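Letters are used for the chains, namely A, B, C and D, taken in the order the chains are written, and counting of residues starts over at 1 for each.
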Amino acid sequence: MSRKVLIDVDTGVDDALGILLAIHSDDVDVAAITTVNGNVSLETATLNTCKIVEMTGASHIPVVPGANQPLVRTSYFEHRIHGADGIGGALAEFTPTKKPENDYAADYMIELAKKSTQPLTFIMTGPLTNLAEALQKCPELPTYLDEVIFMGGVVDDIGNVTPVAEYNMYVDPEAARIVLEAGFKKLTQVGLDVTRKALLTEAHLQQLDNTKYGEYIRQSTSDYMARYIERNGVKACAMHDPLAVAVAIQPALVTTQQLFVDIETSSRLCDGQTVCDFQGRLDQQPNVHVSLKVDADAFLNLFVHTISVPQEGSL
Amino acid sequence: MSRKVLIDVDTGVDDALGILLAIHSDDVDVAAITTVNGNVSLETATLNTCKIVEMTGASHIPVVPGANQPLVRTSYFEHRIHGADGIGGALAEFTPTKKPENDYAADYMIELAKKSTQPLTFIMTGPLTNLAEALQKCPELPTYLDEVIFMGGVVDDIGNVTPVAEYNMYVDPEAARIVLEAGFKKLTQVGLDVTRKALLTEAHLQQLDNTKYGEYIRQSTSDYMARYIERNGVKACAMHDPLAVAVAIQPALVTTQQLFVDIETSSRLCDGQTVCDFQGRLDQQPNVHVSLKVDADAFLNLFVHTISVPQEGSL
Amino acid sequence: MSRKVLIDVDTGVDDALGILLAIHSDDVDVAAITTVNGNVSLETATLNTCKIVEMTGASHIPVVPGANQPLVRTSYFEHRIHGADGIGGALAEFTPTKKPENDYAADYMIELAKKSTQPLTFIMTGPLTNLAEALQKCPELPTYLDEVIFMGGVVDDIGNVTPVAEYNMYVDPEAARIVLEAGFKKLTQVGLDVTRKALLTEAHLQQLDNTKYGEYIRQSTSDYMARYIERNGVKACAMHDPLAVAVAIQPALVTTQQLFVDIETSSRLCDGQTVCDFQGRLDQQPNVHVSLKVDADAFLNLFVHTISVPQEGSL
Amino acid sequence: MSRKVLIDVDTGVDDALGILLAIHSDDVDVAAITTVNGNVSLETATLNTCKIVEMTGASHIPVVPGANQPLVRTSYFEHRIHGADGIGGALAEFTPTKKPENDYAADYMIELAKKSTQPLTFIMTGPLTNLAEALQKCPELPTYLDEVIFMGGVVDDIGNVTPVAEYNMYVDPEAARIVLEAGFKKLTQVGLDVTRKALLTEAHLQQLDNTKYGEYIRQSTSDYMARYIERNGVKACAMHDPLAVAVAIQPALVTTQQLFVDIETSSRLCDGQTVCDFQGRLDQQPNVHVSLKVDADAFLNLFVHTISVPQEGSL
């Protein structure tokens, strides 16, 4: 039986790839996609998501817009990485007929969770604002969810916005703190510790050439890969968000440890840092399944294989 | 024409008196009452509000529960001041038939504001969580509102929770910051600077004896007055919340000045302090009409006169 | 018997007036003057102090330079108020023969305190860096001192640098915190609450005309008074530092209350704020004699009378 | 020619071993040892240092006490790790005739630096309070020093007090910040990243058996090793401080990179964390030579070889 999931995105080059993976996987059933302010504005993230969903032909999946700003901070876009449009200029000419729902992500999350008869998992690949708002409105939300998997943070490596903070955590650390403290049955972190090792390379792009999404992915990741070379010296695309989706599909892709994780929200240097207590110094109960290792090859095989859909003509 | 208002309360001894004032005033029309975690839990605040509303006979007014905790902090009740039940033990035996709506305060605020054909004013007499959530979900909310009047903060006097912070601000300073920065057309602060001067005394209680609410008010304020004597040496009840309501009824009761007000949210000593820039040192545009003086006699006359409803027999 | 004092200054228009008062008072005996970075640089403060001391003819008083920066912050000069030279351009042409000691203020303070056979009082009229350093080096310093009187902070009024912070506290709040927590036998605060009421006006200047310092004071305070008019609308010179000296001479000039005072050192809005716990909410022992009222007329009479030295020809 | 060094210590099991290494190395000439509050009180650290120095027979080396508390924080001892006496109960019965100088570390540092005709290096193996105080008093101190090597911090691993902070940095982060920002010609960090890899094991203890210090080291490190097993599962003694000394003797033992390092001083979770900007995100000039790799074998050979002094009879 496939696993029922809601995906929360700030689409985003890699969010888009995560959506493709989820929609084409037989192992998850995407009940809805909610959108959030993050890499790009809420409006752009929502538009991109509608484009991606329509491109896959799965327009029945509801796209629900959410928060258009962090809980208590101002927006912090990453246009230099994701392009002004968020998906690297791909699909620029495409006007989707798919429209977002006239609903609100936090409300939709609560309603979906309450009415769901199957176990439900949330996969979060943007700042955690929507989920924090849902928790604020419905503190008992954790009882309705099987698992929350979030892409975000880093526990044993450097950050990607500041020296110590990962983007999704940095943008809305207060929201992340609410999520970390909410008491979910299973809260799984897929952070930079593992996503940095999950690299889409030219070889993968070649495998995807002449498949339905080959051209889109080349175009969408082109500038993103250029940024990556600048900073890291290799041509590759870190598959942050698709890995979070893949963990829902095949949990064994990552090795996790149950640890206590807290987040700094009020610091000159360390805002958004996920502090992981590996040695039990803070005397707190573990609250997160922290991903520490990843089988990167298995993940990329899964990704490439799953989205290798035959070409059917252009959009 | 009477002024259409929504009142947001954490009922609370003085919130209850504010509700009585609003319902019996011909100058305001109470469209709804929303409730929030604050002096007491959301559940208790909601129950108390239903009791008060039913006691007045205005059970058509919807009571809508909202946030049951501050945005990013834990609750901080004041049972010592308001009693375990929030209204000093009054109406303890009374089980209201009036029930709260099956809705959520932030949502209700947005909907009411959007559909209202008349100018609408929000009167906030608890922590500002509900309004902050509404702003998060609907950043354009300020365009739909005529005015927001909030009881909270202090700009030229000491606090009532810490040496520098007033209760409503202290409990949810992040919410207050969102409200202060939201860009309301008119945001009026009724803080301790003026509410401390608005004292209900034994003389007023005597005026209210043998009116409909005389006994309730004596009972409800009894312990509250005892606490007040301990700290301030006089027997009186500071009418924080009723003054905010009265300012909606008769704005000239207070003298205001347009000033820039910010709130501290991350400090060892000063969390929740409303910092008012009287001398323009921070180089910011005024965002608040700050109440600096009050005609306390006129206010108390208004209050006593308005709620001096003839007795009709017991509940 | 006159009271033995050390004065610590960041001279400064008003520090200079404090020095004049101390030197000409029969009730205090100035054992030394130490200098500190503050209104102006350490170098300028030291030069100004030498000028003032030489002008009085008391060149036997040692002038000892101290810290040339706050403990853990960068300098914050106030040239707009005190002039580029710190004393409003007065004595600009005067090169004193008086030279500072080849010693260091914190060391000198400790040595003087330890060797003093009489009760010793420190009068601090700049940021508290020197005293904090002395305490760091000699934590038992408080046992050697009779009293410390400091000009700084404000407990029931607005600040003069930020909306909540007074200059001396704002510049080195960490130093102030060390002083507040040091356990002095008697620590007396002379803050803006009282110094703002101690105004030198044109009438006082006229009384001083044709005395030794009349011209110096007119010249030195001219721009300072201009700044004061801009902000406060009256022509006057707030006698912050001279009042601290006067409190050493005649303690009854101010009415004090023993209270707990703490200082904020890590805040977006409130750094340097002296938080005074008037209602015992923080459950701490009083550590400061806080000046709450001042007999301004008596103070100004004392000041004018004390420094009305006959003119003897120009410098 | 041997290198002239001052060592600043909070002796401490490993400080003691660093002192032994320095005194017996032909490549460094120990001009003085200053002591500081840290692992143990100033008094204990000073006594221990005198014992160690006398044990080596180098009683001509001055031992100068310094700060007995952090700059703006309270003390934080580590008796559980270093024993109540700081050196694991060794030399408990020994009353040294060697006495500390009647001077103060910060003053001594300045004086030594100013008068030194040879290049001078400071090796810091405790909290950086003394050096911060010296910089406060003499901001031009960096011009007099060849290099400062400090044991402290961690840039790519977990902390040893909190999840993110190393002990020496945690105890006095404000002092560390002053040192980091002082502009030293060469400031070399020897942090946990390398010291954790420099482990003294049973094999090394056996090599030292029947040498002058064999018994002392076994005794002194016994409990320390027991603590290490508890947390890390191996019997070993991390040679934090001796490695800093060794880096002065043989710089090539560590591989360093010039990077910008800052320290958090005001955070709920991250106080004392040394934040290293590996990717230039903070746009600051490098200020530290950060040790990233160590040749542990070469270091331990150096250590064991250097202190393998023949036994001459008991103390």
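One rule holds for everything that comes next: contacts are C-beta pairs under 8 Å (C-beta built on N, C-alpha and C of every residue); 3 or more make two chains touch, one makes a residue touch a chain.
Given the structure is predicted, the values throughout are model-derived calculations rather than measurements.
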Chain centre separation (chain A, chain D; CA means) in Å: 45
Rounded Å distance, chain A centre to chain B centre (Cα mean): 41
Gap in Å, rounded to a whole number, between the CA centres of chain D and chain B: 59
Multi-chain contact sites of chain A, meaning residues that touch two or more partners: 265-266
Chain contact graph, described as a line, ring, star, complete graph or other shape: ring
Interchain pairs in contact, sorted by label: A-B, A-D, B-C, C-D
Contact set on chain B toward chain C in their complex: 156, 158-159, 161-164, 231, 262-270, 273, 275-279, 281-282
Chain D residues touching chain C - in the complex, by the definition given at the top: 67-69, 71-72, 104, 106-107, 133, 136-137, 139, 174, 177-178, 265-266
